[in-house]
Amino acid sequence: MNGLSKGMPRALLEKAWLGSFLAAAAVWAAAMIYSGGQGGGQMLGAALSFSTFFVIVGIGQMLIIATGPGNVDLSIPGTIALAGAIAMKVMDGEDSLIVVGLAASLAAGAAVGAANYGLIRVLRIPPIIATLSSNLLVQSTAIAYGRGLRVKPPPAFADFTTATVFGVPVLALCAVVFAAVMAVVLARTVFGRSVLAIGQNMRAAWLAGVAVDRTRLLTYTLSGLFAGLCGALLAGFSGGSSLDMGMEYLLASIAVVVIGGTSVAGGKANVPGIWGAALFLFLLLTMLNTFGAGAGVRLVMTGLIIIAVITMAGGDKPAR
Amino acid sequence: DTADKRIALSNNYAGNSWRQAMLKSWDKVTGKAVADGIVKEAPAFTTAENQATEQAAQIQNLILQGYDAIVLNAASPTALNGAVKEACSAGVTVVSFDGVVTEPCAWRIAVDFAKMGEVQLDYLAKRMAGGANLLEIRGLAGVFVDDEIHKGIVAGVAKYPQFKIVGSVHGDWAQTVAQKNVAGILPSLPKVDAVVTQGGDGYGAAQAFKAANRPTPLIVMGNRHDELTWWKQQKDANKYETMSVSIAPGVSTLAFWVAQQILDGKPVPKDMIVPFLRIDQENLEQNLANTEPGGVANVEYLQADALKVIASAK
Amino acid sequence: MQATSERLIRLQGVAKSFGPVRALAGVDLAVDAGECLGLVGHNGAGKSTLMNVLAGTLEADAGEIVIHGERRSPYNVGLAHRLGIRCVFQELSLCPNLTVAENARIIHPKLSGWGWRKRAAGLIVAKLDEIFPGHGIRADDVVGDLSIGRRQMVEIARAFTVSDRPVHLVILDEPTSSLDSVSAEQLLSFVRKVVATGLGCILISHLLGEVLDYADCIVVMRDAKVVTSRPAREMTRDSLVAAMGDVGDERVVAERPSAVRRRDAAPIRVRVRSRRGGRHELVAHEGEVIGLAGLAGHGQTDALIQIYRSSRRRAADTVVTGPVALVPGDRQTDGIFHLWSIGQNIGIRSLKRMSRRGLIDLAQERQLAEDWKRRINIRTPDMTNNILSLSGGNQQKALFARALGSDAEIVLMDDPTRGVDVGTKLEIYEMIRTEAAKGRTFLWYTTEMEELANCDHVYVFRNGRIVADLASDQLTEAKVLQSSFEETV
Amino acid sequence: MLATLTSRRFLRSALPAISLVMILLPIFYMQPRTMSYFGLNLLLNLAIPIALATMAQMFVLTVNDLDLSIGSYVSLVACIGATWLQQTPLLGVAALLACIVVYGLLGALVHVRNLPSIVVTLGMSFVWLGLAVLLLPTPGGQAPGWIRTVMTLKTPMVPFPILAALLIGVLVHFGLMRSSYGAVLRGAGGNPRAVARAGWSVLRTKVTMYVMAGIFGMLSGLSLVGLTTSADANIALRYTLLSIAGVILGGGEFVGGRVSPIGAVLGTVTLVLAGSFLSFMRISPDWQIGAQGAILIVVLALRALINRRGSTA
């Protein structure tokens, strides 16, 4: 039997994977029907471009969550704010400085991630508290550095982040490719396997020769790096950085990961599911906005629909 | 004489440009007051999370530190009442502004938020006498300010029935959230002629309209530098016309002076109203020039200005 | 009592399938009160599955269960407990976060109210004292902190504790796999004693000697069916092996390579300097098979972990030259990745070698799995099945394959044949010898005295120190035992 | 005796207390006023609702689940407390009971369908918040007098918050750590299969734990509204993260049923005090937020140091 061809379809048929896309399609259809079939394509375009940011940070968050229970990155909001501020300030509206600014914000993100793991490994602080604390520190740094000032992105950078081809956002296309690459990394590289092994049983992974420390350091660094990337792109996309622009990513980054089918118990990750979940959450909000319900009703509906979707998709059965 | 008095600012959030400008104004005005020997000290405290419970704990700590007065921008008009009452009974003067508290023992420097909603419709009625489709961007659900401005807007629509709110989203007063939610709902909306806002979200809305390739509607702005800059660009390019309205961050300095006056033993009424800061087509350039890049259009108060406000409230 | 005419337990035509795998194909089994039934069979024969059915934790597809003369249907764990059936599962089922006493409470629903902790502690400690004198376990020890051997003792003792309801049958699924020979002997004598008082007992073991010596009647399973069921005195080791259908009996006493190498000739692979003033240091040369002996939990596993650790990161008192692989014995906590297939579990140690331009070559990974499936006979229709679909012994084989299939020059083995059947064991011994001849070095901790016979050199551990250093020609069971109990030799 | 005092297990369980002392001493030093009855009262009374929410979170964590909805649930309860419970007590009580029943049902749903609790409770966090917004679209309401009375109780000698925290910790300790069914409940977190094999219903343990979470979340909301006198829909949102941090700070773990109620209460108090500590220190406004993070890191790093000392001793 061919392990690849047997392994892949099994992954493709993961219920959660399909579930989130089906759910996204359903809420989109509902919104379309309500608005009389108008603007469906545009709605999808908007969903794609905003989901991009959630997918980018979601993948980083997924790598961390997959390394086992208790591992989570709560420093993403601060990192996004800081990286956005750095990108805008370094670029200073000049097209020629785009690359420098991007590199600076990526470096800042990666540094935050690596520092997070330092707190976890060297000081033995549980990840949730370590990243929670570092989020506050990074936020302060962003305030002290950026002072909440809004610097406009360089025109070329702003154009790139908002460009579309045939109505499809260019950034979203890049993110699809990025997700595909990360899916391969997860399934086919030593790093990916190491992440999943550590997530199932860190001690067993260590005894099986996995470079535990290096792998965990890399997951936290990558998560910071992706948050930094997201911050820079978001600043370009929305015409400048702001201190609060990362705020909604605290819970949302976790939500897209777990709704996308990654197991919080560790050892199981799902990249396409993140796309599905990000689209689903955006379109769900859009649908409820379209219905014109009040805030209370809208929140209640959001919650109930999320629970309904996960209940229908069902959890995974224990192996034995 | 208040030379030995200590006044603290309790602030619940620092994560946007308005709050940053507010803190800066406080720093500037109180720094001078301390240097002039008017008060002993006037530090500012910000909570790590924007939550009433955390601010309540902060107020309790300020009581313990023996401040004579606490100037308060409250996370909630009611949820801090317990802590405020504790402060009052410990002999601490509490002056709230912007986010005011309902506890009777505290002073309030309130902005008529409902009015802030209503003037937007008054303006639109002048501009679009024939009526129009409106998109409303609201703030954070469950928060007093959001509800007040919304009420004002609803009242305005009732006054001018030619206007119709065709869509409403919550932008949480954050530019990126506003942009995201507007972009989501736009495709399902008919033509939108104007956008009524609560401040801080106008630029995000403009971005969303641009991304959706929709004609830019009349967007009411919220005095932020980026909003004013954008407005100016549009004005220069195609005679774009709108208005901008928000509360001036410098109101914190008014609250400072009010607290100082109370400590000085002057009679001060419990409730005061400050006007909001409105920018129109004519004075756009002037205001833009006075606003620092990335900040918010601002008015700072001197002791004399504060006395005028107190006197007019009597 | 009139129970003698009625059998305590009778299973008839029990069948169970997991997807395409037939684990039980119509099995009959009967146990009398006061009888110890030995159950043997190759890895994956269906023993544990049958016991799970009897304990009510698995539902059979077909067949009937008669207990105390009554047909029980529906049947479940709760009912089994009420009827006095206790089971010590192969993969231990204690709660690691609870203390020993609290774990005892879990199986006694009536153990509550004031002072329940005292009572639970009394109950379990008394039973431990009775079965394993000198066990060194305290009632308030947290189970997760205990070594696997002690966990096994706790679980066994717990199964024999009685509070409000009498116990009629105790199932012991490979109870001695993690015990050393002394504790195993204590347990088996205890079993004889309680069986004499009228208790029924089912004993599963791959150590045929234990079954032959202590069971009244022996049932042999093979490929999901019972093939023989006879009184133990009519059976011999050879007839058992024949019934189990394993070949390789000829190799059982195959001579160890008689040409004992001169130790100093080969380069040193591992050296652990003695700590705390021990007299002996641990040395392993290239191509040697080094045995670590002594009572369970006296520092052998720690020594292996120490060696493993210094292979990853230099340490002052340990020298390790060359890549190391480890075969864990506590497979649930140290070994398997429960979400992965058998193939992935085997491949994890060799990923770097199987990568081409940064990508793992899946064909090669598959190839590795298939090779080892053949070489040590892992019983599964498909190596892409989940690792947990394997029987306990087969899981252990996969861990073996992980280490032997890697590029390691030094292989550390932590009682690696736990739960592996006779035939496979012989193949493994053979494999170790050939690999050693090719230059691989093995450090082998074992709780089975016979396995030491495969070693070139044996270190006996006591209280974390090496107390004896025996070359293979000096090695006798008596000597090992003697050193295990005394500080010096 | 000395051996037990320096033993690793003892040190590990004493860590929460040690961190608490480490943060309390500088506070006393910097602001001696806090050492009074009045001072301790002010310093600690807001820790009570957080401690109760932390207990609620701990029940859920014990059975290997995570409750992301506790913050909005506490907010909703506070809103019910400030509205229905005050105006129409019967309706209020019925609503609170219904909330607890919903919690129990959630436990059952998570178990029966084998769902990730984190998604289900994430969904519930929107539901609770939405209900709170519907009930109290704009902040307000009034806490019933009896709750006010309880929360402002002037106990003799020892301030009420300290007594309450002790009571919460000890009560839950006896219920979960010392009682015989408590052992089964924790066992269900450590090895659910073992508990099921011993004939217990794992479903029942899950539902029990969720119901307990619902009850303690309710107590948290009511005590909170008693302190603040009125409510708003967003009042306790940050309790979600705070309660998780409190459990972990108290020595609990994410999986495996390893929790410590007394440790969690101490952990909560430590978290609350960390905030106070900072307002007693003068820090530039820019860095005030960051300092909260820094102080947590310092406290935990010191713990790690002690822990390492403990493990080598």
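By written order: A, B, C and D. Residues from 1 in each chain.
The rule we apply is simple: a residue touches a chain if its C-beta (ideal position, glycine included) is under 8 Å from a C-beta of that chain, and two chains touch if they have at least 3 such contacts.
Treat the numbers as computed from the prediction; the structure is a model and nothing was measured.
Shared contact partners of chain A and chain B comprise D. Mean C-alpha position of chain B lies 71 Å from that of chain C.
Between chain A and chain C the centroid-to-centroid distance comes to 44 Å (mean Cα coordinates, whole Å).
Distance between chain B and chain D, defined via averaged C-alpha coordinates, is recorded as 34 Å. The multi-chain contact residues of chain D, meaning those touching 2 or more other chains, are 129, 132-133, 137, 288-289, 292-293. Counting partner chains per residue, chain A shows two or more touched chains at residues 136, 139, 143, 295-296, 299. In chain B, the residues touching two or more other chains are 14, 48, 141-142.
Contacts between chains, counted with the stated touch criterion, involve the pairs A-B, A-C, A-D, B-D, C-D. Note for the complex: chain D touches chain A at residues 64, 66, 68, 109, 113-116, 118-120, 122-135, 137, 241, 244-245, 248-249, 253-255, 286-294, 296-297, 300-301, 304, 307-308. By the touch criterion given at the top, residues 14-17, 19-21, 48, 138, 141-142, 167-170, 172, 174-177, 179-181, 183-189, 203-204, 207, 210-212, 224-226, 293-295 of chain B touch chain A in their complex.
Put simply, chain D touches chain B in their complex at residues 31, 33-34, 39, 42-43, 45-46, 49-50, 129, 132-133, 136-141, 224, 227-239, 272, 275-276, 279-280, 282, 285, 288-289, 292-293.
Remark: chain A residues 1-4, 6-7, 184, 188-190, 193, 196-197, 200-201, 203-205, 207-210, 267-268, 319-320 touch chain C in the complex.
The part of chain B that touches chain D in the complex is made up of residues 11, 14, 23, 27, 43-49, 51-54, 56-58, 60-66, 76-83, 85-86, 102, 140-144, 147-148.
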